[in-house]
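In what follows, subunit A forms one complex with subunit B and a second complex with subunit C.
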Partner chain A sequence: MKRVIKGILVSVFSLMVIFNAYAQDHTLLIGLIPEQNIFRQFQRFLPLTEYLSKKIDREVKLTILSRYGDIIDRFSSRNMDGAFFGVLTGYLAIKKMDVEPSVVPIELDGSSETSGYIIVRRDSGIESVKDMQGKVIAFVDRATVRGYLFPIIYFKRHGINDIKTFFKEFYFTGSNDASVYAVVDGRADIGCVKANIYEAILARDPTLRKELKIIATSPLMPLSVLCLKKSLPEKLKTKITEILLNMKNDKEGKEVLKRMELKGFRRASMNDFKVVDDIFRELNIDPETYRY
Partner chain B sequence: MTEKVRKLSVVVFLVFLFNFLFSVESTAEERVVGVVFSADIPVYHEVHKKFLNKLRKTGYTKKIKFLYQKPNPDSLAWSNAVRKLIAYDATILITYGSGATEAATYETANIPIVYTLVYDPVKSGIKGRNLYGVGYSIPVTSLLRYLKRTTDVKKLGVLASEIEPSSKTQAKHVSDACKDFNMEKVLLNVKNEEEIRIKLKLFSFDALFITDSALLAKSITSIFRIINERSIPIVSTIQGTEDYSLINLHPDIDEIANALYRTFLKVIKEDRKVKGKREIVQRSKLIYNMKISKRLGLQPSIQLITGADRIIK
Partner chain C sequence: MRNRIIKYLSIIFIFFSMGGIIAFISTQRVTSDLKVLINLHRVETFRQDLIINIKTVQNNLFTIGTTFGPELDIIVENVLSLDKAVNRCLECHHSSEVTGKLDRLRTLVEKYKDALSAFITTTANPERIHRLKEVAAEIGNLLLQDAEEMTYFAHQKLQYKTEKAIEKVNKIRELLILVLFITMIFGFFTAMALTRDIVRPIEKLRIAAEKVASGELGYSVDISDPPEFAHLGESFNKMSRSLKEQQEKTLEYVSKLRELHRITLSMHLVTEKKNIINEFVKGVVDVIDADGVLLFLYNPDHDLFSLEQFITKKSYLKRKEIKYSGEIIRKIYQGCGKKATMLYKNEEALRAFSEDNFEAENLYVLWIKHKNKLSGFLLIINVKGTITGEDTRILSIIANNFAVAIENTLLYEDIKLQMKNLKETQDQLIQAAKLAAIGELAATVAHELNNPLTTILGYTELIKEEEISETIKKDLDIIEAESLRARDIVRQLLEFSRKRPLQLTELDINETLQEVIKFLSPNIKKSSIKLLTEFSPLPNTLADKDQIKQVFLNLINNAVQAMPEGGVLTIKTGLQDSNIFIEVSDTGIGIPEDILPRIFEPFFTTKKEKGTGLGLSISYRIIESHGGKIYVKSQKGKGTTFKVLLPIKKHV
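Entry: the complex of A and B
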């Protein structure tokens, strides 16, 4: 009798484990970086998860990170299957973790890449780097190229090796729109921002065009890159990539893209990270030990 | 007796000589610096305290006798305050706010004047031969932008003090910006507290912009009482009015005090070679009052929450 009960218990437990694994297997967790304020970012990507869930017959969930660098640290701990990485976090994730690039979003104007800007107020009197000495600069996050590494290399090329002594103060706003408004409000003299987000803010509020100006522009880099865990089944990875590449061709997909203010997606490759690789080389930084 | 008188005369002479020498030595070491606040308001006290703390470290405060005037905010009182300080042989005048600064430029051309907390001094017409100082600029458009996002404003009341150049200039900047934000401006020029009460009750508007003014800062509680009855928001650029304003954007007080200290040192050292008689502080602090937002039943602004330097809950 005891053996029968034991057998039943083992069977129930085994079923529970199998069911749990099955359930886990059926939820795909995708991470997002806070490139805009997190509420806007979450609302923007929500339609995509619903669309993908239907297409792959598997629940797709979003998780948004409070800061850029968290996406690397939490990718494994939160058991994410993929993430829309920034170009720098994507580069670091590929170097440090088992992920591979899948797709890059395409903006409504057809571009899949954007620059970084260094901006100031028009009435600030700042025309070049020499006018920036003793001022306050707002970066986005240490784990961004356009919002941190590009400005660093730009200043280095202009003879500024130590931002701590050159600027009166520097701080990280955590998102691109917060950097723009820090400059607009006069809470920072100089701001660093992703160009497409800067342009979107100015399109929403054209009065800002009178108040802000661009001092420097970085080379073009992908807007963001969806990277997927290498350990996901090959078939699933290919399916996700193909769905995203082709969603511009089906009615429902088009509607989702419209809500996301995107034209579609294009295939990503390692070439998308070349600019970051060059910056790391020029700054002589080891990606493995880079502190973000 | 004659010997006694002689000895007494010598003692008296020595006492007089000592007193004379002592007083000469004292005036040679101690300089009188006159300080005029355009009104007795917290922001002037705060900047002055920070300025003195910096000055104390250099040891200068031991050689300076500060004389203070904190008149009521009106033109005559400012002039009288400056005249009193001139009569007390002030060798430098420090003026807080544009009202007292303008009065000082009328009263003296010989005594150096170091002004502070003056909005856009060039456009406010603050000029004079012996004038040094610290002005500031504030993007008033930011306040209008945040206000627009928080509530629907079609008519903006712009409260300005006619007797203060800073307030008039800021009111002009706000009025100009109203066009860009599709707002109609209702300009309320006032000279005293009585006029504030009358005009605020007389005109209708959806929100009130309080420009930088000693008179308006001093009258903030009565302004708030009237506006509160109408349940409309106030935005302001005066530090110290945060508890009454939905959104407040004011110049960074630490930067103002540091710039005042630098300018004052140049003047007291009579360092004519140092370039620039004027510094403009452009850094600002953004305060969002969620308590007021809640009371007025407004939707909390995510941008204000994430961007504000301080949130009043």
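Entry: the complex of A and C
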């Protein structure tokens, strides 16, 4: 009798484990980097998850990270199936983890790439790098090209090799809009920011255009890249990619894109990360050992 | 009435509609108020959610970076809930003041989000991080303060609106009660008025219906209002009048039927043809109003229709003996082919009837048929008004009954005659049997008495030849006389009983009678009797002269003896049908009625010693043996008449 009861209990437990695993399999977790205000970023991508859930008949959830760099460390620990990486984090993720690029978002103006800006307040009196000495600079994150590596190269090109001594203080706001507002609010004299986020903030509050000015602009590079875990079923990955590529042709998809203020997606490739190679080379940094 | 009902109902409908509209509007308002209240309560819930969300996020803020700090996704979720709570507040319609506050709240939330995001994502020295945290916390506190303040004001407003809504509900309830009360009152009076308007004419109609039901046909009601009942009243009056007219027609018809019954009954009750004719003509006059009624009956012997009876108001008839040829009448009848026909002045048929007999504007001819044969017709001159089909039917029935009654009369007469003959035959049979029996007895008795009487007479004559005294001689004379009388009676008896064969010769009855009268004239003269004779010329007939003379002798003798004080003796002869009749009448004492049937019996006499009572019996037997009949009529104190009928017989 006891054996029978034990057998039943073991069977029930096994079924529960299998069911749980099945349920987990059925939830697709997509990570987001704090490209802008994390709440805004999260809200921006929510419609996309709903759309994808419906299309692939599988629950799709979002998770946002407080830092760009965290996404590489936490991709595995949070068991993410994919993430919208920045150019640098995407580059590093591909290098360090089994992910592959899927799609790149396209802005409303049709571009899928954007630059990085170094901005100051107009009334700050900063006109060139020289004027920046002794000021407070706000970077976005060490794991960004436009928010950190580009300004470092820019300053290097202008003869500044040690930012710790050149600037009074430097810190990382974690997101592009936080950098803009840090400059606007006077919490920083110089800000590093992704051009599309900067333009979006100015579009929301045009008065800022009179308050801020751009000191430097980086080359164009992809806005962000959706990378999917290689271990996902090929069929699913293809399906997700195809759905995102064809969203612009779908009425519901169009609506979602409109809410995300995007025109659509294009297929991503390793070429999109070439710029990162160039930067690392110029800075003479080994990507494998780069501490972000 | 319909208009009135519609009017009343419309007013009630308007009242109810007003009530309904008020109720509807009120319900809408109350519902709207309730919706507002519900929304306010929901908003209240939202605000509470907002406050909870703010507090949660504030808590998150202070625990970020600690062991107890939540995952970033949870913080994001909480902030998004806060964001949603604010947006939900903004979705509601608010006053400009509240909207302003909500806008400020929204701005604060956005700032809070930015500050939070900055605090969460920033990597800097601890002082900067602390500052960022303080900024965020400060905004969070402001947010909380504003939300609580708004909640307080909203609560005040909610309470105010709730009170207002209750007040409004109470007002609406009062208004509705008032409208319903007014509607009820109006409805009650309307119902009363309508009931009165309906019941009054109905009551009138009920009374009228009862009157009509109790026989007061033609009773009418006077209802002028409402129009529907006025129409109903008119219909009722029409019905009542119609019933009355129908009843009058029925009564008239019944009267005619009664009249018909009376006429037909009277025709069938009387047995005399003349009376039937009178009843018929009178009956027709009663049924039809006309100037005159003429009845013609068919005489088949002469093929003529003769005027039998007439009744006229004036002297329409120019003569009283009118006859129409059967051929003409049949021609007219065939031309009509109906039970009756109406002829007018310009019609040839009318002229054929009127000729120079009478003048008529119109002439109604009613044909009388019996057993499909035209037996007569009735002419009704100058009919007043019109003769309906019903009149024609009644007249036809009367005519048919008349024809049947006439036929019945003839049958009755025939039966009566046959009964009479039968009775006579029966009497004669009885008489004959009686006479035969008496004759046989008489013959026996006569035979037995004749020998002793002859002996008595012989010895009486022998004694008389003897020497006897005068006294004895006288006595013997009496014996001889009585014996002779007795022998005479015996001889008559023998004569009566003997059936002698008739010695038939051609006899002139008048001459035979003259002979008998001549033989008896001395006795007639002696009795102071006046003799009257009325002899009609008669044909000779075969008869036994002696026996016939004996009959005449007996009858005249009896008549003479019936008039001892004198009188008138009338003797008549003549022809009746195919017989010769001889009538001998006296003005004597007459024969009592009770003995009249016995006078022909043998030995029945009223003359005591003077007669044997065989004379009439012998006469009866002689006439019977000739195939004739003898009758007697007598009235006490006035006289007696004997009538002899002899058939006229010739040699074959």
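Miscellaneous remarks
Quick note on the criterion: the second predicted complex is superposed on the first by the 283 of 292 C-alpha atoms of A that agree within 3 Å, B and C clash if a C-alpha of one lies under 4 Å from a C-alpha of the other, contacts with A are read in each partner's own complex, and residues count from 1 in each chain.
Everything below uses one rule, namely that a contact is a pair of C-beta atoms (placed from the backbone, for glycine too) under 8 Å apart; a residue touches a chain by one contact, two chains touch by 3 or more.
This structure is a prediction, so every number in the text was calculated from the model and none was measured.
Superposition of the two structures on subunit A shows subunit C clashing with subunit B. Residue contacts after overlaying the shared chain place A:Thr207 against subunit B, while subunit C stays out of touching range.
By the document's definition of touching, of the two partners only subunit B reaches A:Ser124; subunit C does not. By the touch criterion defined above, A:Val184 reaches subunit B but does not reach subunit C. Look at A:Phe45: by the touch rule set out above, it reaches neither subunit B nor subunit C. Residue contacts after overlaying the shared chain place A:Ser175 against subunit B and subunit C alike.
Common to the subunit B and subunit C interfaces on subunit A are residues 37, 39, 174-175, 177-178, 181-182, 187. Of all residues in subunit B, only 137-139, 141-142, 145, 177, 180-181, 249, 282-286, 302-303, 306-307, 309 touch subunit A in the complex they form.
Against subunit B, the residues of subunit A that register as touching in their complex are 37, 39, 121, 123-124, 136, 174-175, 177-178, 181-182, 184-187, 189, 205, 207, 210-211.
Of all the residues in subunit C, the ones that touch subunit A in their complex are 72-73, 76, 79-80, 83, 113-114, 116-118, 120-125, 128, 131. Note for the complex: subunit A touches subunit C at residues 34, 37-40, 42-43, 62-67, 141, 169, 171-175, 177-178, 181-182, 187.
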